[in-house]
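In order of appearance the chains are A, B, C and D, and numbering begins at 1 in each one.
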Amino acid sequence: MRESRFLTKSFNHKSMQRIVNNPDDLVNEMLEGFVEVHSDLVRQLPSNPRVLKYIKAPVPGKVGVITGGGSGHKPAFIGYIGENMLDAVAAGEIFSSPTAKSFRDAIKAADSGHGVAVLYGNYSGDNMNVKMARADAEDDGITVKTVVANDDVASAPKSQPEKRRGVAGEVFMWKVGGAKAALGGNLDEVIAAAQKAIDHTRSVGIGLSSCTIPAVGKPNFHIEPGTMELGIGHHGEPGLKITEIQTADEMAAMCLDLILPDLPFESGCEVAVLVSGLGATPVSELYVFYRKVSQILKASQISIHRSYVGNYFTSLDMMGVTLTVMKLDDELKNLIDLPCNSIGLKQF
Amino acid sequence: MRESRFLTKSFNHKSMQRIVNNPDDLVNEMLEGFVEVHSDLVRQLPSNPRVLKYIKAPVPGKVGVITGGGSGHKPAFIGYIGENMLDAVAAGEIFSSPTAKSFRDAIKAADSGHGVAVLYGNYSGDNMNVKMARADAEDDGITVKTVVANDDVASAPKSQPEKRRGVAGEVFMWKVGGAKAALGGNLDEVIAAAQKAIDHTRSVGIGLSSCTIPAVGKPNFHIEPGTMELGIGHHGEPGLKITEIQTADEMAAMCLDLILPDLPFESGCEVAVLVSGLGATPVSELYVFYRKVSQILKASQISIHRSYVGNYFTSLDMMGVTLTVMKLDDELKNLIDLPCNSIGLKQF
Amino acid sequence: MQYFINSEGAVVLSLVIKSIQENKDYLGAVDGEIGDGDHGVNMNKGFSMAGERIEAQHGYSDACKIIAEALMDDIGGSMGPLYGSFFKTLWRQSRNLERIDAVEYLGMLKAATASVKEIGGAKVGDKTLVDTLEPACAAFEAEVISSSDFDSALAASIKAAGIGRDSTKEMIAQVGRSARLGERSRGVLDAGAASSFIIMESMHTAIRAILHG
Amino acid sequence: MQYFINSEGAVVLSLVIKSIQENKDYLGAVDGEIGDGDHGVNMNKGFSMAGERIEAQHGYSDACKIIAEALMDDIGGSMGPLYGSFFKTLWRQSRNLERIDAVEYLGMLKAATASVKEIGGAKVGDKTLVDTLEPACAAFEAEVISSSDFDSALAASIKAAGIGRDSTKEMIAQVGRSARLGERSRGVLDAGAASSFIIMESMHTAIRAILHG
């Protein structure tokens, strides 16, 4: 394992209330612990410890489904490796895109000869690294196609979907893509299903406190106590507006006001809902938030087919919540309902 | 649902970065959201919304297994209701014991005529309320037996086990008790297995920050930045000592130094390990902590049969970690390995 | 007068409830020192819920029962069983009385205090509400024996309750949440001792007002 | 001199690495204003890892390749592909040269800058490192055309890089993390523009020192 001697100069782990050794080793040590705990599901590539794969990958005959992204979003990304989910994941430093090499190695690890779907989020670094990795993998004769998640309605106007970031909606994209591949879909079908999933998904986040990247050692940004940031990104990217802190019910209403008209979600449609904490918000409060989401959807004649509440896509120790809603059709419903077994999502 | 008009006088939700409405409604609203999301697994008693039961409870022929405790420990307690797990749970206010009435109603909801095991934690309020509930239930002709978890080695000397509190080791107690009942054990056998589980289990926590009870509105206690509290309780009960903050590796070593000699765990034995975050600590860091735990256990010739890392028993928005180790024999191994399906613990 | 009429005595409990409500923040602060800070919230909630249920037709015993049930069925925590038992016993001992005099009241107080000790297992010196209740009870008894005067017995019990409450300051907690603090629990009042002083003082002051009538 | 010897030029990159290391905190602070604050950490890590791998026998091109690989294979983020392409191209364009003169260096710089624009899709005015690199490149070219002097072209490019970097202050970010800020991204430097100024300045100052010999 790589030694990290460089960044310790200004590092003082006593400046944070966190559980770390040298923060530069955090990702490597975390992965080491992770693969040990979850050895029934995942394995580290011997040639590249920054890539984790499903123990059965490449699954013969199946299209490979992978992703990758910066660390610090547990259980994303590596927690979604597993049966009927992802085949491999490239892990970057905290909040930083994995290397092109890791994406390429993840692609290779997932490929059974039927091509690989790379389902990732729309961030500048990820775009560039996936682009390079894809070129390399194609040089090696692997067919690679991509879907770029852009579910965060707050990150750009509807007219500029290419500027929108991917947030917790990626979980739905992985679930759907993973299920489609598991059911025998070919690469184009897997890509089409994952693309449909993300096209049918809208998210928005509310930030209530900053987060601290251990290697940086101080909060990443600042949210004034008594205020909240509507539309915050998963790394603390500034949101749409800063308001006085609202009640849980008002927060839910504000999020839905942004989400519902954007697709739009209409009376009569069925949806899947995901409420994810950003890391430090007590899970009990996510259920309070969900309660109002459900009330508003019901009042709008939108019926909830399935819902998820918990820490599904976090941002280190940030306080806050992301609301994600996916509009379902029959195909998406079947795919979202398929049983799966990953650390972050288990469905019987 | 009960109206709460009393406590709002000094309440200002703007004083906290939290997702709440009136904090006095938090538990009720949380439960409302919870049962809606998890309607495949749990149901609220129509007669007492503070009691949740497994949809199939009372399971015919099976001993009932219940618990109860203050809210704010998600996924504990209600998240452990489910198949091969708990049949019913009484939910209290945040950090406050449920009423005797709720414990009694939970007992009733779980009883299929074969008696009920109440597996709860050693807190003054819970002891009193369970005592009253047990008396009432026995008046109604239900056989009730109890096991009181006392796994927290930091909460009293080994010579005073009756003073030790129950913490995350309760998860193992529920898992084992639930499994024993599911496998057809009679009440005495279920009680004996759960008692053995907790007798074989030791835990210790490290606190890195306080938590804030929404109805109180300000931090419950204080941990000086740059320091940590070894042996902290699940509600912030003071620990054994306050030290300068240590590295993850040193934290793991300090916890094991308290846990291993206490049972004692000896070279050659097999264990189950549970590392639970206290709520606000990023899960990635729990894996860093686990990594060292595993290294030390290996060096002590103690082999890890199964391990759990995540937020299994939290304390609202507290930062920190609880380490729990259970010494296994063949029976405990079988019971801990049994598949189960609850929100907080799913095993295939 | 040397007695009060049970059916006219609900006002006594209304005043107890008012005192608890007024002292919500104080009790929270006391509990915050070595407990978890929720004693004011818990007490206020239970007593306020009871307050909403006490109606014109209720007497002293009825009101005790209403408080007991609100605490036991709706509050939980430690206060549910502890004060629940206390008020349940006051009700049980007085429900058949038309008039309550000093001797009867002594019996009620003693039984109620005993029930608290029984359910919680605490004794004097453990830094709990027992340190207020037990001396209040004893002083009441001593004064009844020496003077047979209800009013002065009530006055004596208030005084003793205050001393009892203050005595918890130097104690090391032996039961409940703060017991874990050991030596560090010394130096501050116990929250339950503080709330039971408020209950004793307001209840007995209200009864005295009726006696002065 | 009007050229430097490729095989003796690794020192140039060693000085680049040293400057990045010295500016770790500064770059972190600049990125902290409208980015996520990790630019100093990322750059320091990648360049330091490369620094450990550069050995006595390496030349200028070799060192560029080592930096490129450290960034691309070990760092990831945005810096991996962006500066990775930049140094990879410097290597590719120079690897077969024994001596590097102004005209060759101009070709290298232009190709390297073009590769950054290609992979990242940014152009001048988008508030990125391109705002430093492109004017530095253009100034170098203009000076080579007018004076044919390597040294003064390097000096001109450093000056233009500084002006380019400063020009990002008034820009609104169009790509990368800070693009989301819109109008609010105005008023502070771009982190990548700041680090590429450090690279241009240290690299060109080091080459000038060799030319002055």
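To be clear about the criterion, a contact is a pair of C-beta atoms (placed from the backbone, for glycine too) under 8 Å apart; a residue touches a chain by one contact, two chains touch by 3 or more.
Just so we're clear, the structure is a prediction, and the values are computed from it rather than from any experiment.
**Student:** Compute the distance, rounded to whole Å, between the mean C-alpha positions of chain A and chain C.
**Tutor:** 55
**Student:** Just the number, please: Cα centre separation of chain A and chain D in whole Å.
**Tutor:** Chain A and chain D have C-alpha centres separated by 32 Å.
**Student:** Measuring centre to centre with CA averages, how many angstrom lie between chain A and chain B?
**Tutor:** Centre separation, chain A to chain B: 29 Å.
**Student:** Give the residues of chain C that touch two or more other chains, as numbers and ranges in rising order.
**Tutor:** Nothing qualifies.
**Student:** Please set out, as single numbers or ranges, the residues of chain A touching at least two other chains.
**Tutor:** 94
**Student:** Treating touching as the only link between chains, describe the layout with one word: line, ring, star, complete or other.
**Tutor:** If you draw each chain as a dot and join those that touch, you get an open line.
**Student:** Write out all the pairs of touching chains, ordered by chain label.
**Tutor:** Pairs satisfying the touch definition: A-B, A-D, B-C.
**Student:** Applying the document's contact rule, which stretches of chain B touch chain A when the two form their complex?
**Tutor:** 13-21, 26-27, 29-34, 36-37, 71-72, 74-75, 94, 208-209, 223, 225-226, 228, 244-245, 247-249, 251, 279-291, 294, 307-309, 311, 314, 316-317, 319, 321, 341, 346, 348
**Student:** Spell out the part of chain D that touches chain A in their complex, as residue ranges.
**Tutor:** 21, 24-25, 28, 32, 36-38, 41-42, 44-45, 48-49, 72-78, 80-82, 84, 119-120, 175-177, 179-181, 184
**Student:** Can you tell me which positions in chain A touch chain D when the two form their complex?
**Tutor:** Residue list for chain A touching chain D: 2, 4-7, 9-10, 24, 70, 92-102, 123-125, 128-129, 131-132, 155-156, 163, 165, 213, 215-216, 220, 233, 235-238.
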